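Just below sit the structures, each encoded as structure tokens.
Below, chain A partners chain B and then partners chain C, in two separate complexes.
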Partner chain A sequence: MTGVIRQLQAERYKAKRRHSWAVVTALCLFLLLWSAFNFRNADSRELAQGYSTLFYQLPLFNTILLPLGLSVIASRLCDWEIKGNTLKLLCTLQRKGAFYDCKLLIGLGYLFVIALAETVSIAGIGILFRFTQTLEIHMLFLHFLQVFAAGTAIYLLQQTLSLLCENQLAPLGVGLAGSFIGLFSLYFPTQVSRLILWSYFCQFTPLAMDWDRASREISFYPTAFPLGLFLGFLAVIIGMYALGKFLFLRKEI
Partner chain B sequence: MEIMIETKNLTKHYKNKTVVSELDMKVTKGSIYGFLGSNGAGKSTTMKMLLGLIRPAQGQIQIFGKPLQGKMRLEILKNTGSLIESPSYYGHLSGRENLEIICTLKNAPKREIDEVLKLVRMENQQHKKAGQYSLGMKQRLGLAAALLGHPRLLLLDEPTNGLDPSGIQEMRELICALPKRTGMTVLVSSHLLSEIDQMATHVGIIDQGHLIFQDSLAVLHEHSQSKLHLRTTDTAAALAELQRNHIPAEEKEGTIILRDTSDRTVTCAIRHLVYAGIGILRAEEIQMSLEDIFLKLTGKKVSL
Partner chain C sequence: MLIRCIRCEKLKLKHSILWLACLGIPVIPAIMGTFNYMGNLETLTPGWANLWTQETLFYANFFYAPLIGLCCAYLWRLEHRNHNWNTLMSAPVPAWAIILSKLAVILRTLILIQIWVGVLFLVSGKCIGVENRFPVETLGWLLRGTLAGAVIGALQLFLSMVIRSFALPIILALLGSIGSIYAAAKGIGLFFPYSLMMLGMNSNHAENMLEGQLAVFLASSVGMLLLFYLLSVLYLKKTDVKA
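Entry: the complex of A and B
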């Protein structure tokens, strides 16, 4: 077994009896039910733009739920190290940086499953409610990319906080506050909301909404994927990773 | 004699306070090195530096003759077991599962778990969750984890802290048996003088970050100067007679104390007293206790 696999294996042992998957499952189920609930009385017009509705709504649900959900996952993965005072033992057995990376890999594994489940559920809901709109595969891919990229940034922040704080209430508080800040930032002009990390679950959706006041009907139209913004965001993620790891490495045990 | 740990000029500051100052430590192979010092003297900081958990401000550390730095650190620590301050454990996992994690990280065979559990006498509690263990059991679990992978060097920081008397005795016996059974070298810190006296073959005394003594326990005991206590029929006259004959003596609570206990001085003193007609009721040689030596070296009281 190589060093990395051994370390990931150790993380798997640690997760025993902690039911981290229960958090992931609950989060996925809640998102699925919330999304599906909106189509319970859908008429033919709504079914004709069902996928667009989902691609537009799910990022909003993610903005509300994922910051808190990811803070809970990060906290669960890091809490047992803080509570059990294990860092001073682990850092004699593995590189401190490798420990940070392993935790990140495990956390991002959970995020990957959430993003994938959400993406698959879009197709599932479409089949279940017999959407008449054609499902565009590239939209599914972009949705997955958006959830995973924004989630990675949030998870990086939460993991770093969870490893640096002795008390897990503070990172959980940041997660909760992030949900509110992210949602409210969407009411501000784009230039302002783009300064808020938690708003990025909604920043890359290549769709815009038009609400007709007279007919009181909502319609969606496609927009270009903001590639420049996305690449800039990836650079921010790399910066956050470097900073988070640096802060953790600097922490004396 | 092979040197297992050697530090040169090891120094650590926290903000403006020097916690460890220019420490030159040498731990020889097969020894139990008792690292003695009162609380806050710099023991844990030194041990953390020896494990690379905190960076020294200056100085060098060599373990097994290799410098403890960069990529070499983990290579060196593969042959080292440690138990620093409070024990490390995953409360939601059983003792055995905790050891499985350490085994995986150390890449040690799983069969070693049974060996170390037997060694620390925890076979019967191995399936209980570590969070439900008493402090003594957690310490033993920590020791078992440190022993996995057959390390050549064991670093134990106050391993008897918080244990009840029988737990202390058990831990002490375990530590004493290790060099004989496994050939490993043990560095054990404590603020309890009696504990080090019963376990160690070598002693280092640290005070306010300075290593003020380092040698074998036998040499430390040699520091104990003996004194001769004399009880006479007339203390005042006896003291005057000794001083008149230039024999250094002092009086304390009705007893004459001779600090020079060489045969010549003792013979001389007794002869003068007898010739002066002073009766000698009792002559007793008093050895300096280890506590007195510590007090002499550090100027501070230490726990016993």
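Entry: the complex of A and C
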């Protein structure tokens, strides 16, 4: 146990002055401002469905921002060893598998903060703009779960790529392309978009939107949480973790 | 001297996979925008103009600047590694030539990307049988987009030079792109570098967004391009390097 704590502490030291917290803060602030911006001139009808609007829109913003944001965080945390060519020395002192896990835990810590900040800010925006809709706590929980689960899958992919590639151009290119593909896939039928990993920031929202063309008004209605899909996605995450670790363990250093 | 510097920058790009990102990323909006256009034909007026907005809306608004950011970060990557700053600063090369050569390489990459975007637009339109003649004004929009891209390139080159991280300037480009929507909505888009792309490429209107404002766009673009270039040269001249 002491060994794990010591290894995590070492990762924390390595992450010092790497400005990863600046990326996290910038992402959270941007999401907050972008969400709040939409309510600056909200009328009573919009305030009456304010929380639903946020629960529906934030996943879309996440699809645009988080894939690239997480790829930047993963790259910042992983290029230390790649740049300094220290993996060879490090792996004589530390098990390669434990190294992969520690990096993952530190990265997921950042993701946890992003998901938590976003969830808390939903309640904060509601109070600030005096939403008249009642906030359902289970929706907040589901939102947190969605951001964290989808983010974990993306982070696993990015960390594995960042550790495998000598040049960080490739993982960042994948992050950028992922944001793009994820955003576009939302305009496709559900069966198609579910094949795209980056679209999962939006796949578990238990809300659907109805746009009335005549009145040009948007309304939201609740749908069931796709539990089967979520469990299947968790299985994919476990598979990605196993594959990522396997590939890293096989990497010639 | 400048020609030699440009040759040197081109050498650094040899065998890099940058071309894969530059060619691959524009293919995504071309394919998905075309499918989106076909899926919404009952709401959109069929034609080249609406196909253009579908293909370039997200591309110009969100992803073009990070792509340029990726190229710029890659151009400074070598200098930030293995104490190469010391080598660079002790070489008998003036600061203006170093920055200008990088800017020239970025401009060449931008022109190739824009030609590729134009080709993809034409091919996708022909494949789905869009009728009417091909709109020649698209070429102008691509040209304006290249100029806007050069402004963003100059800014990103400055950021990638100052920030030693490869990844941070790219996320700044994405945040700048999102901020550009707000700037354009507030009417100050012509004076915000990241908004120039959306306005230049005419990406969210079927009509010309710069009607009567082309001179302001050109003046603003050239002004900002010079500003960021001079800022980079000044920084390189006055600030001590951290190797």
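Worth a mention:
The working rule: the second predicted complex is superposed on the first by the 252 of 253 C-alpha atoms of A that agree within 3 Å, B and C clash if a C-alpha of one lies under 4 Å from a C-alpha of the other, contacts with A are read in each partner's own complex, and residues count from 1 in each chain.
By definition in this document, contacts are C-beta pairs under 8 Å (C-beta built on N, C-alpha and C of every residue); 3 or more make two chains touch, one makes a residue touch a chain.
Given the structure is predicted, the values throughout are model-derived calculations rather than measurements.
The superposition on chain A brings chain B alongside chain C with room for both.
Look at A:A26: by the touch rule set out above, it reaches chain C but stays clear of chain B. In the superposition on chain A, A:K83 contacts both chain B and chain C. In the superposition on chain A, A:T92 contacts chain B only, with no contact to chain C. Touched residues of chain A were counted for both chain B and chain C, and C has more of them. Applying the stated contact rule after C-alpha superposition, one finds that A:S121 touches neither chain B nor chain C. Vertex at the C-alpha centre of chain A, arms toward the centres of chain B and chain C: the angle is 80 degrees, rounded to a multiple of 10.
With both structures placed on the common chain, the touch criterion links A:S35 to neither chain B nor chain C.
Of the two partner chains, chain C is the only one touched by A:V72; chain B is not. Look at A:Q168: by the touch rule set out above, it reaches chain C but stays clear of chain B. Contact with chain B, but none with chain C, is seen for A:R6 once the two complexes are overlaid on the shared chain. Distance between chain B and chain C in the overlay is 5 Å (nearest C-alpha pair, rounded to whole angstrom). Counting contacts by the rule stated earlier, residues 18, 83 of chain A appear in both its interface with chain B and its interface with chain C. The touching residues of chain C, when paired with chain A in their complex, are 16-18, 20-21, 24-25, 28-29, 32-33, 35-36, 39, 58-59, 62-63, 66-67, 70, 74, 77, 81, 165-168, 170-171, 174-175, 178, 182.
Interface of chain B with chain A (complex): residues 48, 51-55, 74, 77, 80, 82, 84-93, 97, 100-102, 104-107, 130, 142, 145. Every residue of chain A that touches chain B in the complex is listed here, in rising order: 1, 6-7, 9-10, 13-14, 16-18, 80, 83-95, 252-253. Chain A makes touch with chain C in their complex at residues 18-19, 22-23, 26-27, 30, 34, 37, 64-65, 68-69, 71-72, 75-76, 79, 83, 167-170, 172-173, 176-177, 179-181, 183-185, 187-188.
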